[in-house]
Every structure is written in structure tokens, then in C-alpha cells.
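Below is a structure I'd like to ask you about.
Order of writing sets the labels: A, B, C, D and E. Residues in every chain begin at 1.
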Amino acid sequence: MDSALIPKGVKRCPFGLFLVWIGILQIPFLIGVIAYLVCWGLALNQTYLNNNYPFGLWIAADLGIIALGGGAFFTAFLRYIIKIDELKNIVNFATVIGVMCYAAALGILAVDIGQPLRGWHIFWHANVHSMLTEVAFCISCYFTVLLIEYLPLVLENREINKFGFPRSFAHHLHEAMPAIAAIGVFLSFFHQGSLGGVPSVLYGRPFAYREGFLVWPWTFFLFILSAMACGPCFTILITRITETFAKKQLVKRNVIDILAKISGWLLGGYLVLKIIDTISWGVSLAPSVGAPAGSFYANQPYGWWVLITEVGILGIIPCIILLSTRARQNQPLLILACLLNCAGIFMNRWIMSVQTLAVPVMSFDKFFSYHPNWAEWASTLMWVWLSAIVISISYRYLPIFPQEKELNPL
Amino acid sequence: MKEEHGHRPGKKTYKYGMVIDLDKCTGCGACMVACMAENNISFRKDETNKLVSNFWMRVYKITNGRSFPDTDVCYIPRPCMHCEGHGHHHHTPCVSVCPACATDYDHETGIVSQIYTRCFGCRYCMAACPYHARVFNWWDPSWPKGMEKYLSPDVSPRMRGVVEKCTFCHHRLQRARNKTYSEGRREIREDEYQTACTQACPAGAITFGDLKNPEHKVHKLVEEGKKKKIAFRLLEKLGTNPKVYYVSTKDWVQKAADVYLGEEGKPVTHA
Amino acid sequence: MFPFIFDWVSDASHFVFMGTLYAVMGLLVIALHYCGIRAFFDWLCKKGQHEH
Amino acid sequence: MKLDRRGFIQFSLGAGAGITLSPLPWKLTDDFSIWTQNWPWTPVPRTGEVTHVNTVSKHCGSGITLRKVGDRATKIEGRKGYPVNDGGISIQTAADLQLLYGPWRVPGPLRRVGKRGSGHWENISWEKAIGDVVQKLSDLRRKGKSHTVACILGSDRGTVPQLFSRFLKAYGSPNFIRTASCDDTYELAMSLMQGAAASVAYDLEHAKYILSFGCGLIEGWGSTVRVIKAHSIWRSGNLKERATLVQIEPRLSNTAAKADQWYPINPGTEGALALGLAHVIIKKSLYHTDFVENHTFGFEDWTDDSGRRHIGFKRLVLKKYSPNAVSRITGLSAKKIVRLATAFAKADRPIAVWGRGKGTTSGSLYECMAVHALNALVGNINKIGGVSTLPEVATETWPKVDQDHIARTGSGMPRIDGAGGSRYPFTRYLPERWPQIVNGHKACLIEALLVHEADPYYTTLDSAAVARAFDRIPFVVSFSTLMDETAYHADLILPNPHYLERWEDAPTPTGLQVPILGLVRPVVSPQFDTRHAGDVILTIAKRLGGVVGDAFPWEDYETVLKETIGDKWDTLEEAGYIEEADYTPPVWENAFATASGKFEFYITAFEQAGMKINKDLQCLPHYEPAQPEGNPATYPLILIPVELTRLANGAVGNPPFCMKTLEETELKKNDLFIEVNPKTAAKYRLSEGQDTMLETPRGKARVLVHLFEGIMPGVIAIPKGLGHTAYDDYLAGKGVNTNSLMGVTEDPISGLSATWGIRAKLTRV
Amino acid sequence: MSTTEEKEKTVAEGEQETAEHAAAPEQLEPVTWRFLIPIVLFGVGFVVSLFIGWVIFPKIIYCEKHQPIDFSHSVHQEAVDEGCESCHFFREDGSFSGIPKLENCAECHEEAMGENPEEAKLIEKYVEPGKEIPWLTYASQPDCVFFSHAAHIKMAELECAACHGRIGDSDHTRPYQCNILTGYSRDIWGWNIAGMGKNAWDWMKMDDSARMKMDRPARMKMDDCGDCHEKRGTSNACFVCHK
């Protein structure tokens, strides 16, 4: 049965080894499941979240994961709308990663909210003025889009593809994909942006608050740009990790190089805007509410180093690497740049959500620090393990890498 | 966000608000307990972690940050500010962000509501509130055996996983309305609607009423305080437009309400 | 979410926001059904050929 | 026909279509969504008719209005128009329903099974429980040991304490003990200096310059709500017209924070400062000449009948308490002393008040006298905005007790605590002294102890000694409503109803200058199998029979109450209180019932009582340096217990709501914080939140450090009211009982406890 | 809807097809039969589930309880002077007394006034032992709802029947139905199991004779309150009706 499902013309590890691998992944995954059950069963007191930190790791992770999952929409955008044809060799994988990122985002929200069974209120009783509503709608719609994009891959499995209907259905889905991708891109632009709006409309929190364009604060656009800059890097990173585990090259280097280059340019653009934004915040917005910018960096661990690390080490350095052709083509450097870039996006999202809450607003507020507890970590990381499982299965049974056969002739 | 509520022509509107005299406030805490007793607020065996403790009214103890013997302490009771928002923020910070319309700003009364059955606990509103006026039910509230007997039917007990906050004892407004309606009146008199903390305060430091009504004490106190430059609001500069005013003759207290740095350049701290 | 729900307010924000949402959802549903129906007919034709 | 897979799918499709077109999925979805919004385990309070009933709080003497829904009490509010509190409410009273309905109530008469303090009880009937007491008491009486029965109560005013007192008189024991408070010393000072057998009363509402010697005016000194209301009066009106509050205290307490001026002085030197102020006032001739010259005795030097010269207050003060000298003692600069004295004496309606913290400790008599002397110097005795004695609403007197031989002998025996004896002839009760005496004798001095509305096991100083003393009492009966420490260590609990469930009179709250009699009435149906302590005493007396029974001619407690109130009953019942608002204290000419008929700076009563007087100093207010217990070398710091507004430290434990209001810098999980000045902390390398061992000569405890600029360097403060062992997890096991760290320092003249602190050391854990 | 069905059918048949490929060809049944089978199967499933959904399900989701005493409103209406308010009165604080307490009943029924067995039950089981009658409240709203009778009756001058139907004219108490999942009275959802039904305020437009026929209220869900408020220009702010 197993060998019948494996795509033709490629080699996969023995089934036993595959089961062992999945089994290993299941252990931390099950710990995550337990964390979920604990949080749902015993309520959120099982976490280190509190009234000062209503948002913690979960929301920061959500923002980060969605930015990383931005690779899916952005690759699709480049492939189907800008029509960079080489990217067809990685767009499938980007989609798989996207599906898991968005599943994770929704899954984490499901444990983050206090009354998960009432989660549908966000749709049914939607407040259209809330950034969170916008996020929820877009994420769920885009998740649907990603599933539709993922569906033909599943249908193209060797065994399923034998049946007439699925084969045909997959074929037509492929035909319609540019349209669907366009919808996805539209949705993504919005929700990446509204995620940026989530902290920045909070005018009671001068650290995150930004003015902006119409209903969208400036961070709305920064978030879109940063997601576009980071998503491809994440796709590259996961591809290289998969290659490492698969012990073979799966995507041609030129494809990766295109992504890396685009990523570099976007990152550069983002950094310029980010620096302008930070400076204008620091010199005009923050002082206007009575607080010099320095007061926001007065409490450790959220000192100035945070800003320096985020923009400098995790921003400018990868940007330089990605923009320089020579550095980019040095594989370890490329990996490093991707890592730094992804870490940077996580740090940015953490800062925008958690540091925003950490900075005391009332002058007599005490500063409290927050770090997530095991339940938060386990339930968040659970999605990493689940993603690894899904990617493993997808890689094994679905024709995800079109160049695999060519690169690894049997 | 149903901010449209209450924009009905010809209807008498109120703007309920509070004036708290910090010179009179002794920090005794009666307001906190009265609030807990009035609003069926839950409690647990260990309430020492204030970060997960449930307070609608919280009295902050602040110091001027100076060393012995020039130290001074002031108590600041902090209910929900029932922000009106103004200028470019034409909305209450917490109301506009709620994704499920579980909270609204009633333009007829100026009260910011919270509906526990609607709330699904995303806590976005808590992130939006710079005053920490909103608290989350980290636990399922429970009462020791026999103690449910004192629960008031006027205030619906909350369940775990939802956000709650001071409501200016709006159930007392509902009761007052009942009374005025049954007497064929529409107007609510000042003494007919007072919050539990106002009533309990042994120092008489809290005054509650319609800020718009020149007959009401709060209106007079605000006017007088503004004239004497002793009235202020918390975080005025953010533009939240709170409806809770404070009065203090102490300079450092006035400053602590809005700026980040205290007199000597040292931060004013929570004692 | 829908005009018959209590929270609905007929204003520009609702029309724009919900309108976009419905448009997106509608497009997705149409696309899926389009593909499905096409595939169904493909399959019908093929089946016919097969039986002949 | 065989139902194959295809058939099943067809059937299912039909079923699906049918179900979709039926209400089932839609209704279930809706019901489910409703279910998620009203979880069945969230309590739904029953509705009903809302009624309001008035009564009086036994905690703070405030009038309260109970809001009831149906038969349930849902809220306690301050009663509008009640003379003490006019609508305001104290924090503890506001949380009282938690005690009424809480699981810490004693559910019915309990008899100890197993070891004392093991917490094992058996439920017994009232019949049996009273039978136990009667048998024990009648045995003791028969054996001529009636004097070995003692009663400890929280008060000696009002009908119920009087019933206990009467019972002891008829039964034959002198041992009626009232738990400690500053009243012990105040009563003594008032009786010695003014010849008035009453506690002190202050017209705070009308005072314009309030000089407080460590009084926790805000924390709950006197009658909580009333003082806070007075404070608000001081803070009202134009800025220039406002009253001035000056607080003398080593720590920035709530009162100090609310004061216009805060003068931290070395702890225990309040008396010296008072005398220093007197020095300046006298020297600058700022005193009230009319009063001092015409209505006081012992101000100037004088010669007695035998021709002996005595020095007067003036000379003593001028000689010994110059600003510089006092500055050395108190640590307050001489300049400040002069300025303070001048401001005080020149102020319109100045008043000096005394009594540390909430006034739950007795304190030094000379210190009290020194402070009261300031009032005399400014002539505010019995004046508006001044000091007078606590008046009571006149009630009917009870018939005299007809004592038999046993009763006479028993009552004539020396008291167990030594009060009223030759050593301390003026002192009425020595509530902190009896444990030492009991522990110091081989014989069993107390055979039976009855405790009512008091928790001596918890509130008495030197917990270890108290526990030992309790171990030596074979029969302890508690009348406690709540499972407090004394009840927990009793042999028998005869629970009194909660004050919301019973009748009682509430005499004028402490410190009030107008006579008020409040009526405590049952406003809630009894929640448990309780019986009024008054009725229980009546029953016990009747069952004992003879003269004891005869002394109680009333049928039940309600009759006692009604007959005691007499004609005023109808007024009292209707209004809920009687206030003699037009009461004014007597004018100076006939205000003083001392031997001299005047206010006495020099106490003549000492010699009359036959006390040995060697020096004039003994009869004059003066400062006696009271070194706190402990060796300064081993214990370099001084520990002072402090009382917090939000933390009840008396006989009734802090309700959960009040526990919740404690600051995060006061209690963390089960550990309390001590306040340490950052300078002190730096010296001992302590940081905020540091886990520390606090050690005193009397005990040690693990505490956390809170750095506070408002505490004097070298002094550390520990909150009183924690460290309960009884009640339940909402209160028990949190923090440490300060009494376990403190010892008793006897005041030389009164025998009362003058403890205000103890030496201590801190070691990092 | 239809597309999904088709899709699923095609999937099913596709599977069937592969099965046929794999196994030996089956014997073909007569064509006429084969043509009818799917329709019959579909029809049977359809009808059965409709029956379950419309007939059996409502019986399961609601449990029926009977009032402790079969009370006749019409008899009492004739006996009292002030209509509904004789027993369902406003208290002094403006709150509404709702269902009368035993003492109200006992005012007249201290002793039996007639020979009605229900009255005998009242006296024997409740009046004499002084036990409150455990009436079941048809119109009780969930705990989160604050409903002011004063606002509706005194201010808006609505008829009781506008929301409660002509319960005042009934001769017998109708059974009380309780939703087993939510614990709500069926009157809240409305007696139409599909959740449809005339809204309470539409009744005000009816003429008396039409109203007389309505013996039970329509619906009392939040939307109904909201709609009526909307129509009458009354505030729909959350805290008007929530507590």
C-alpha cells in the first residue's frame, strides 16, 4: 500500500524508518495536545498570561506564524500574477507550509480565547471596526484558499489520481489557480496588514499606536511588507531543512536564488520604512503623550538592545546578505540570512504584541515581566511538530517538488 | 461596536461620571470591598497575585519616589474610566476593538458596557485599556459552600474565560429607571442612581452623577477643580477622554496622573 | 454578520467590509463549483466513452 | 434487497437532505450556542422582593442597612443618617456577609474529641453542651473554687458583657478580663487626671489642628468610619480654612500619608516629644492661662499639708525637656519641635490624640498622660473640638446581686491577672499579664475559662506563653460565632449567632463625644444552630440555681435588653438608635472629680491609694525611656508591629474580600512582607522581595522584604492581623502572628503592657 | 446543495466503478429496478429524517412539566377588581412581583372557597404547611437579561397580552416545556419549532378577536426585543437589557 502511494520516479526512505520518524515527532506533539486539553479543561490560569499580559506567546506566535506563512501568498503572487515561471517549482511547497502556518494560527487562537466554544461570535456578531474581526475573517478565508490550493496536490497522489473525477477536478483547479491565488493574495494583503493594525490602533498604548492612512495605521503597511520579505526566506529555510532530512536536493538553486533576491529587496525596503516609522514615532508621537521614547525602553528586558537587535542584527545583516549576489550564493550564509530574517520577524511581532503590553502606561504602573510557561510553549510548538508530520507525509506521498525527478534520477 | 446607540433625537441623555477627591481618599479600601460585594465579584484563597486578581475598583498606592523622610504616599482609586474618546479617536479604546460587539458605549448614559455571554475572551479590549480597568476570569468563579447566598440577582455572575469590568453599577441605574418609570417620571434624580463605591466611601471622597447636569455635584466639582487647577484625569494626553475626574492639591499627584517622570526625574512608582 | 442579526448596522463600514467578505466567499464558492462541475462532466463524458 | 454501499450513500443523502430541511440542526446549533453562553455551573442568584433593614454593626458601631432579596442578605451598606457613619461603611463591615454565610461559622454546639487543637469535634445538642458547662461550674463552686473561673471578653460595655460580669459576681469570681486596647490606659489616665471613670472622647469633627501621637486615625482608631469622616471634614472647604493634621510616627502609615505634616520620630519616644512640646508652650507662655491657672492642679510647684514641697509640671518640663534634649531622644530637630509646638498652641481648636495604631494595645500610662497634658495646656478639655469623656445613654440599672457566702468569698479573692491589687490598684484588667501568672504557678489557677467576643489565643502578646497558659486551663468554653483560634483550642463551643441574626445593644462607639445607643437586631434568619450568648448565660445561671439563678430574674435575653433600655425601648426599636445630640460635657467648674476637684498634672490619687511615692516624678507625666526587649548587639534592628486599614487584627479575622485588598507588597502567597528602609536593607544586603528570617528574642519567622522609603532607617515594620491558624484557607496559614514575636513589657505604674516593639535581626535565607 | 450531492454521488459511483474494475463483473439486475432504487432509497432517507426532525426531535429536546396546580386565570380574572395587577403587581421600588407568593393566594384561600379539587390541593399541600408553590415560569429569561416590566407596562404602556398572550383568559395552565440542553422555557424560543413565528409586537396590530385566539406568546429572543426597540425608537444599547 505504502509503495503504491509514493509518486512515480522518486525514491523514499523505507516505510519502517518513516514510521519511526513520525513516531518520534508524535511525542512532543502529544505533549502539545495535553497542553491544549489542560488549557481548555482547567481554563487559562494554567498559563502565565495575566491581566497585564492579556496577550502573550500565543498572540506573538500567531502574528509571527502568519508572517512566515506569508511565503505562501507571496510566492503564489509572484508565480500566478507576476508570472515568474521558475517559481512553479517551489510554489507547491510554499502552499504546504502556508496551510500549516494558517492552521497553526487558527489552532492557537482556539486555545488563546477564553471561551473557545463561543469563537464563532467573531463571525456571527462581527464588529467590523475591530482589526481582530478583519484578521479573523481574512485568516479563515485565506485558510480556505490555501486548502483549495493544497487540494490538487492531494488529488495528484498516484492512487487518487487514478480516478477520473479527482484527476479532472485537480486539473481544473490548476486552471483556476491564478484566480484563486489572486483572491488569496488580496486576502493576504489585508490580513497581514490588519495584524499590523491589531496593536497599532490601540491608542491607549502609545508604544504601539501609530497614525496612518484612512482606517489603517502605518504598521498595517509595514506588516505587509515585512511578511512579504520574510515569507520567502521561511520557505527557503524549510525547503533546505527538508532537503537535509531527505538527503537530496529538491529544488534548483536558481529558484531559491530568485526568492532570496526578492526577499532581500523587500527587506531592504521594509527596513527603510521601519526606521522612518520608528524615528517619527520617537520624535513626535511618543513625546506628544508625555513620554520620551527612552521611557519605553526603560524596563529590562525591554531595553534599547531590543530595537538594535530587531532592526540591526536581525534586519540589516540578513538584508545585506540577501542583496549581495555572492553572499547569497554562499549556502551557509544564505541559511544564516534566512534564519536571522525569520527570527527578526518573530522578534518584531513579539515586540509589537508583548512589549506593547509590557510598557507601563500609567506613571504609577509597575513593570512586570512575562515569560510563557510550559503549557504555552507546548501548545505553540505542537504546531511545529504537527507541521513536520504533515510535511513529511506530503513529501512522501504527494508530488510536491516538480524538480525532484530531474535532480535525483533513479 | 454599536456606537450608534443612543444617538436618538429628542432623548434626554446623561453623561455619568465620577469625581474622586484624592485629598479625602484614605486608601481604606471600603470602595473595593463594596464593589466586590455589590457586583458578585469572585475571590479565591490566594489573591496575592494582583495580576490575576479580579478588581473592578482598585486602589493604587503611589509614592512620590523621594527618600525618607520626604516620602509621600497617595491613594488613587481606579474604577473603569468609561472613556468617551474624542478628536481623531472618536471611540472608546476598548469598545472599538472588541471583535464580537460584547461591549458598547451608550451615548445616552455614557456607560461602557460589557456583556459576559457575548464575550469569548480574546482579551483585545484589555490590551486596549491603558488603565488596567478590565480583568479576565482566569478561573471559573466559585464560592465556598453557603456563600452563594449573598449573591445579588441584579448582577449576573460571570463565567471563566470572559472579560469583566466596572459598569458604574449600571444595574442601579436599571433599578432607578424601574422606580422612576413606575412613578411616571422619565428623569432620574441624582440621589436615585449612585454607585456602590460612592455610597460606601466613608470619606465621601467619591462623587457620582451626571457630568452634563449643572445641578449635579460632579459637574460643580469638575468646574471648580478646573478653575483651581486641581482637577485632572488619568492619562489625559492619550485622548481617551475619561469620565472619571480626580482632585488633588498635591502637585506631584497631579503630575503622576499624566507624565512618566516624577519630580526629581525619578519615576513615580507604585509603592 | 448578516443583516438579520441584532448587531447589524446598515452603514458604510458594514457594507464595504461585509460586502468584500461576501464577494470573496462568493468567488471562492463559484470557483470551486466551476471546477467541480467541469470535472463531473469530464468524468461523465469519459464514462460514456468507456461504456461504449 | 441488499443495502450495498451505494444504496447506503443514497439513503444518507436523502437523510441529510431531510435533516437539513428539518429544524433539528438549526435548533440544536442555536441551543448549543445558548448553552455555551449560560454554563449550567455558573450560579444564578435567585430573585425576589428587595427589602432594606437597618441594624448596627458590632464591628465598628456603624449603622448599617442590609439589602435583602427575599430572605437572603445580599449586601451591607452604611446606613444613611446614622450619627456615627452617615452612609459610609468600614471595609470589614462591608465584607461581613462573607462571615455570616461563610464556612468559618461554627455550625452548632461542638464538643472537642481527641487532642485539644486537633480540630476534631463532635456535634452535640444544646442541652448537653449547656449541661457540660453547668456540671463543671457547679462542681467548682461546690469545691469552693469558684474564683478559678475566668471570663475573657472583648468589651465590658453593653448588656451581654454585663451579664457575664454579673454572672461572675453571683457565681463568685473576680476574674472578668477585657482584652487589651488603648482604652485600658486612657481610662486610667482620665480617672487619674480628671477623676472620670470613663474612656476618652474626642470632638474630632470640630478640631482644627490635630496632633496625633502615632494614632492610626485612618487605620481604624476609635470608630473607623467616624474618624475618616472627620478627616474629610478637615479636608473640606477653602484651602485656608482646612484643618491641619500632624502625624508623629516612625512609619509613613495611611494616617501619616494623609497628614499635612509627618514627623517620624524614634519609636517609643512619643512621650518625650509631648513633653518637649509642653516645654516650648510653657516657655513661650502659649498655654491657656485661664484653664491652667484656675482648673488644674500641680502645674506650678506646691506645698502639701505636711509642708513638703512638690515640684510642678511646669518646672519638671522646663528643666528636663528642652527642645535640644528632646531632639536627642526623638531624633526630631529642635527647630521642628519649636515650630510644631508653636503651631499647635497657636492653632484654633488644637487637639492632641494618643493611642498607637488602631488602639489595640494598652501602652505607657505616662506617655498617655504627657499627651493629655498638652490638651490641658491648650485648654481644650470639654470644649468644642476638644477632649471629653465617653458618654453613655442612660439605661435602667439592674437589681443588686444578692451574693451568698461562696460568691462573696470568691469575688473577694485576688484577680488572676493582679489588676486592682496592691501593686496596680487603679488598673481594672491586665489582659496581657494573666498568661505569665498562670504559667508561673504550679497550681491550676484557672479551672474554667469562658471566652466571648474575644480571641485571646490569637490577640494576646507572646503567643508561646499564651498557648502554654491555655494548656494549663482544663476547661475552655468559647462562645464564638466563628471558628477562631480560641474556639479552635476550646473544649466546648457554644456558638453565638452572628450579629445580623441576634438582638443586642451597641453602646457608644469608642471615642465618640455624643451618647449613642444603637440596636443590633436580627435581620437574617439564623443560618446555623446557634444560641444567643445572653440566653446561654441565663440558662447556665438558672441551671446552677441558688443565688446564681436568683441573680437572673429575666426569662430570656430579649427581656433583659428591653428591661434595660426601659422607657426608651420604643424609640430605640423604631429608630434603631438613640442619640443624645444635645449632650454637652460639663463645664470646667464641675468637670473634674479628682481629689483636688481640678485637672491634675500631679496625680494625687496615687498617694491616697496608698502607693509608695518616692519622688514627685512618679506622679507627674514624664518620659521613661522604654527600651525594647532584646540585646542591641544581637538584635540591631527595632521591629514595630503596625496595623493596616484593610487587615483586621482583632478578635474577628479578616474576611476574604478584605484579604483580597491587601497590597502585593504586604502579602505574597503565604508570606508577609516587612517594611525595610532601603538604607537598612543596603546595610544588611537585602533586596526587594528577599526571603528573610526575622528573629526576635521571642521567636522567629520567615518573611519577605519590602523596601519602603516611608519607614525610618533602623526600624522595620510588620503588619498585624496575619498568621491565623484557625478559620480556613482563606485566612489561615498566611503570614505570621506578630504576637508570636513580641513579649510583654510591663508599664511600671499600671502593669499594662507598654510593648510597642522589640529588637530584631534579619538574616537572609 | 445540489452540486455537493452530485459531487458526492459521482465520487460514490466512481468508487463503485473502481470496485467493479477490481472484482469480477456482477450480474446485472433488470434495468427498471435499478432505475428506481436510488430514488426510493433517497426518498426513504428523506422522509425518515424529516419525521425525526419535525416530530421526534421536538419531543426529545423539550421535556414537559406540569404546573403544581391547574390554575384558572379566567376564574380569577372575574373575581378580582384590578385585572392582572391584582396579583401580578408592581412593588414600591418599581420592580415587578411576577408570580404571586403563597401569601397572595392565602389572602383568599386561607380556607377552601369552593369544592374544586385543585383548590383543595392548594390548601392541603401549600397553604396549610406554608410552603411556597413551585410555579414554573413560562417567560423566565436567562440570568444575563434585565427585563423591566415598569418600562414596558408603565412607560411604554404595553398590554400584558402583548408579550404574554391571552394567558389571562385561560381556564387551565398549559404544560411548561423546558429545553433539556439550555434549560430555557420553550416560550423563549417560541412555540414554532422552526424558530419562526410572529413576533410579540405584531400582536399589537391584531384586532382583539385575533389576539384572543393566541393563547401563548410568540418568541422572546434577543432579536425580538431588539427589533421592537428598533421600531419604537428605544435604545438598543447593551446595558438597557443586560446585567
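By definition in this document, a contact is a pair of C-beta atoms (placed from the backbone, for glycine too) under 8 Å apart; a residue touches a chain by one contact, two chains touch by 3 or more.
On a predicted model such as this, the values are computed, not experimentally measured, just so you know.
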In the touch network of chains, how many steps separate chain A from chain B on the shortest route? 1
Which chain is the middle one, judged by CA centres? B
Tell me which chain's centre, taken as the mean of its C-alpha atoms, is farthest from chain E. D
Relative to chain C, chain with the most remote C-alpha centre: D
If I rank C-E and B-D by number of C-beta contact pairs, which comes first? B-D
Measuring from the mean C-alpha position of chain B to the mean C-alpha position of chain E, what distance in angstrom results? 39
Could you work out how far the Cα centre of chain A sits from that of chain E, in whole Å? 48
Expressed in whole Å, how far the mean CA point of chain A lies from that of chain D is 63
Indicate the whole-number Å distance between the mean C-alpha point of chain C and the mean C-alpha point of chain D. 76
If a residue has to touch 2 or more other chains to count, which residues of chain C qualify? 5-7, 36, 40, 43, 47
Considering chain A alone, which of its residues make contact with at least two other chains? 115, 118, 125-127, 129, 133, 164-165
Listed in rising order, chain D residues that touch 2 or more other chains are 37-38, 42, 44-45, 47
Within the complex, chain E is touched by chain C residues 4-6, 33, 36-37, 40, 43, 47
Quick check on the complex: what are the chain C residues that touch chain A? 1, 5-7, 13-14, 17-18, 21, 24-25, 27-28, 31-32, 34-36, 38-40, 42-43, 46-47
Quick one: in the complex, what on chain D touches chain E? 1, 5-7, 9-24, 26-28, 30-32, 34-35, 37-38, 40, 42, 44-45, 47, 49-50
Would you tell me which residues of chain A are touching chain C in their complex? 123-129, 133-134, 137, 141, 144-145, 148, 164-166, 168-169, 171-173, 175-176, 179-180, 183, 186-187
Which residues of chain E touch chain D in the complex? 1, 5, 8-9, 12-13, 15-16, 37-38, 41-50, 52-54, 57-58, 61, 91, 93, 95, 97-98, 142-144, 179, 181-184, 189, 193-195
